[in-house]
Amino acid sequence: MSQQNSAVVLGVGPERGLGSTLAKLFAKKGLHVFIAGRSEDKLSRVADSILKYGGKVTVVVADATKEFDVSHLFEMIRLQGLPLQIAVYNVDSNIPAPILDTEAEIFTQLWQQNCLGAFLFAKEVIASMKPHQQGTLFFTGATASLRAKPPFTAFASAKAALRALAQGLAREFSPQGIHVVHSIIDGVINGERAEQQFSEYYKSKGEEGLLKLEAIAETYWSIHCQHPSAWTHEFDLRPFKEPF
Amino acid sequence: MSQQNSAVVLGVGPERGLGSTLAKLFAKKGLHVFIAGRSEDKLSRVADSILKYGGKVTVVVADATKEFDVSHLFEMIRLQGLPLQIAVYNVDSNIPAPILDTEAEIFTQLWQQNCLGAFLFAKEVIASMKPHQQGTLFFTGATASLRAKPPFTAFASAKAALRALAQGLAREFSPQGIHVVHSIIDGVINGERAEQQFSEYYKSKGEEGLLKLEAIAETYWSIHCQHPSAWTHEFDLRPFKEPF
Amino acid sequence: MSQQNSAVVLGVGPERGLGSTLAKLFAKKGLHVFIAGRSEDKLSRVADSILKYGGKVTVVVADATKEFDVSHLFEMIRLQGLPLQIAVYNVDSNIPAPILDTEAEIFTQLWQQNCLGAFLFAKEVIASMKPHQQGTLFFTGATASLRAKPPFTAFASAKAALRALAQGLAREFSPQGIHVVHSIIDGVINGERAEQQFSEYYKSKGEEGLLKLEAIAETYWSIHCQHPSAWTHEFDLRPFKEPF
Amino acid sequence: MSQQNSAVVLGVGPERGLGSTLAKLFAKKGLHVFIAGRSEDKLSRVADSILKYGGKVTVVVADATKEFDVSHLFEMIRLQGLPLQIAVYNVDSNIPAPILDTEAEIFTQLWQQNCLGAFLFAKEVIASMKPHQQGTLFFTGATASLRAKPPFTAFASAKAALRALAQGLAREFSPQGIHVVHSIIDGVINGERAEQQFSEYYKSKGEEGLLKLEAIAETYWSIHCQHPSAWTHEFDLRPFKEPF
């Protein structure tokens, strides 16, 4: 893995978040990292900390659900000219609610963010990776990818759609050398988002009951490093204390 | 089951189709049937054949993906005033294509037709059934609900989203007396749609390799008749000759 | 369905049990029923109540895990000469315990009763049904067929083995006209066994939280009556109040 | 990871096999490796090659299905006194046949080798690891763990039983610090066994269509190295060219 290669993470938010942690790891491994998300402020802070330890990074403000934004992100990647080695679709949008209180707009938005954006991203990633017949495309899933439990029905529907997309892509593109991976993050990540969005639940877990960001990122990296003769398509990640 | 009750099937198309066959069976069982779909011509033909043998039917032209249309359909049902006993979301839209040839518009449309429409429909059905704490809500699924295989990735993604929606709804509303059911139609239906859309494949199956419409409808009816102490949430239906 | 046909239920115990209820229903439908189990007393009581309302029944004492006993049961069936229409493997043996407290003998016994017996039974059933290219073979599964939760790990392992057996049999023999079905009884049956074995849990469920025996049997019968063009291989049954 | 720790692999056969490859890797990582299997000859050859590059190894002849043998293996491990860090149940026994040609003895044997042995092994491993609240316990699964296809029904039944066992163990012992892992080897391993047992199929796959032993072992090692805050319980491994 040399500086001649690049990586992209779509869905980079707070510094203490999975997108940011993955980006930092990829930069440490010598990849030029494109980080994309909706908040320029957050992206800048992540970029700064990557630059601080000598990593290479490009910030692209992008809304994953907008075809134009996703196209633009990949134009930037192509312009730079480095072969794309890793791509992570890390957008994860969750608005829990009973179904009768869920507006069609919210139901649609969750699908757009968790699945449509992944589709737009995947098409660009595959177009970039196909000529070199290599590269890894990750999708970050959740417990809800496998089970729909109220009040997470809308989220689960979107995540199940994402999981099926990932599976279809793996079947179509693995034989062409593109490693398509779907993770099932089963538990609460020790990051800013859960801390703010589900603070009670977050606290109730305790330090030992939360997924460490660096630990997740290490496994993504190991999976990326797999030899094509033994590729993992799907794996779960869960704190040892998490009931399942 | 008396004439005091009603049923609704959204996704009624050709006469030799599942929506039409379910509507006819419900009418035969004495329910007033609301049939809805996009083609007034097709709906009229189905309505005629229901009227011919003395059934009661109301035609409502509706695009399942449009909130306004779905609302309108249920206004009609409420206006008539009969308690809703059975509701079937039978829209099933499939456009096979390699992922790189699939436009975002098509990917979105498949999701809207297979899943968003089901969400809009379900909200109305549940609002209608909750006061009586009874009724059955069916979603018609497919092999692809469980497995994403190219060139059906977009379809599979939409059907997986539908399946998760159905599961979440079952968990939320079964305890309130609403029977939520998801069928997995694993194989080719002996109807007009497959005959036209996948004609080669259709023929290759032979009479014995296709799902008979009346046979499917009978099982839907049996499931509807289940006692609440032993409800089926999910079942598959497959021609005996179908490999799986 | 005429008196010229027969049915067999292996795993008939207390009168208020699933085996007994299925046998009674089959007898009511006009089938000559062979009921088999380990307790002659219990079988006699079930047989008496079948005879009382004019049903036809043969009692065969058999331990499902003994090849000799299972062979003997089918010799009796063949001797009588009526074509076998329905066969149910209803043995369900559960001994909850933490894994470190589970002896190899118990682990083996649970597998023998839940799975090996089903295999022995299935071979005989298939040999009987193949010449007529028809008949339905049921296996009674449980929540644990899909999920292994302590202290039910040994039970879940055995039930998962049974489920895979049923799936393999369906793939091998459906095309030969034998309908192979696996049920997932997800909840507590309102019968003597649960009442005695899990009495606290049983009571906590309340009347509405338990599966009614007759309701389960009705669905088995509906599935048996399915047209071969639309066979169900697997379905769940769950009280409407049961969380899942 | 220092020489103060040990590892055990049960199910070590030919040198070009998964058991042997895992043992060699563990030895290279500095663990004292106990290798166990039925053939003293094969074990000796594997031990020799471990010793050759300076690894530490103990050979124990053991039939995984015999409680006495498994106990003896762990007495040897305890006698040596090094904390057990990794344990792999790698026995994988497959005898394909149509169900009607499968004797009860064979059906039982496949379960004993694939599942009962795993149970005996697991109990000993857990007893060894519990005091230190750490260690990784691997079970090697297969495609058939998830799907039962003739003529592999008996094998699939046994592997499904193993998978459920692994799941129950993970739920019971993860919170106690023991990492329980189930792999799904989906494809043909480039080893002696497949080469001999399924030679036609093996050849048809070509070099690129087979799982490389070292590649599999690398992923096992990565999973072992995971931080407890993000443990994988199940993952698949598949050659990039393998259809699934």
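Going by the order they are written in, the chains are A, B, C and D; count residues from 1 in each one.
Assume contacts are C-beta pairs under 8 Å (C-beta built on N, C-alpha and C of every residue); 3 or more make two chains touch, one makes a residue touch a chain.
Everything quoted here is computed from the prediction, not taken from an experiment.
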Message: Using the contact definition given at the top, which chains are in touch with both subunit A and subunit D?
response: none
Message: Among all chains, whose Cα centre is located farthest from the one for subunit A?
response: C
Message: How many angstrom lie between the centres of subunit C and subunit D, each centre taken as the mean Cα position?
response: 34
Inter-chain centre distance, subunit B versus subunit D - centres from mean C-alpha coordinates, in Å: 46
- request: Determine the centre-to-centre distance between subunit B and subunit C, using the mean Cα coordinates as centres, and give it in whole Å.
  value: 32
Query: Which residues belonging to subunit B are in contact with no fewer than two other chains?
result: 171
- prompt: Among line, ring, star, complete and other, which one matches the pattern of chain touches?
  reply: ring
Message: Give the list of subunit D residues in touch with subunit A in this complex.
response: 170-171, 174-175, 177, 179, 190, 208, 210-212, 214-216, 218-219, 222, 226-244
- prompt: Which bits of subunit C are touching subunit D when the two form their complex?
  reply: 67, 98-100, 102, 104, 107-108, 111, 115-116, 119-120, 122-123, 126-127, 144, 147-150, 152-154, 156-165, 167-169, 171-172
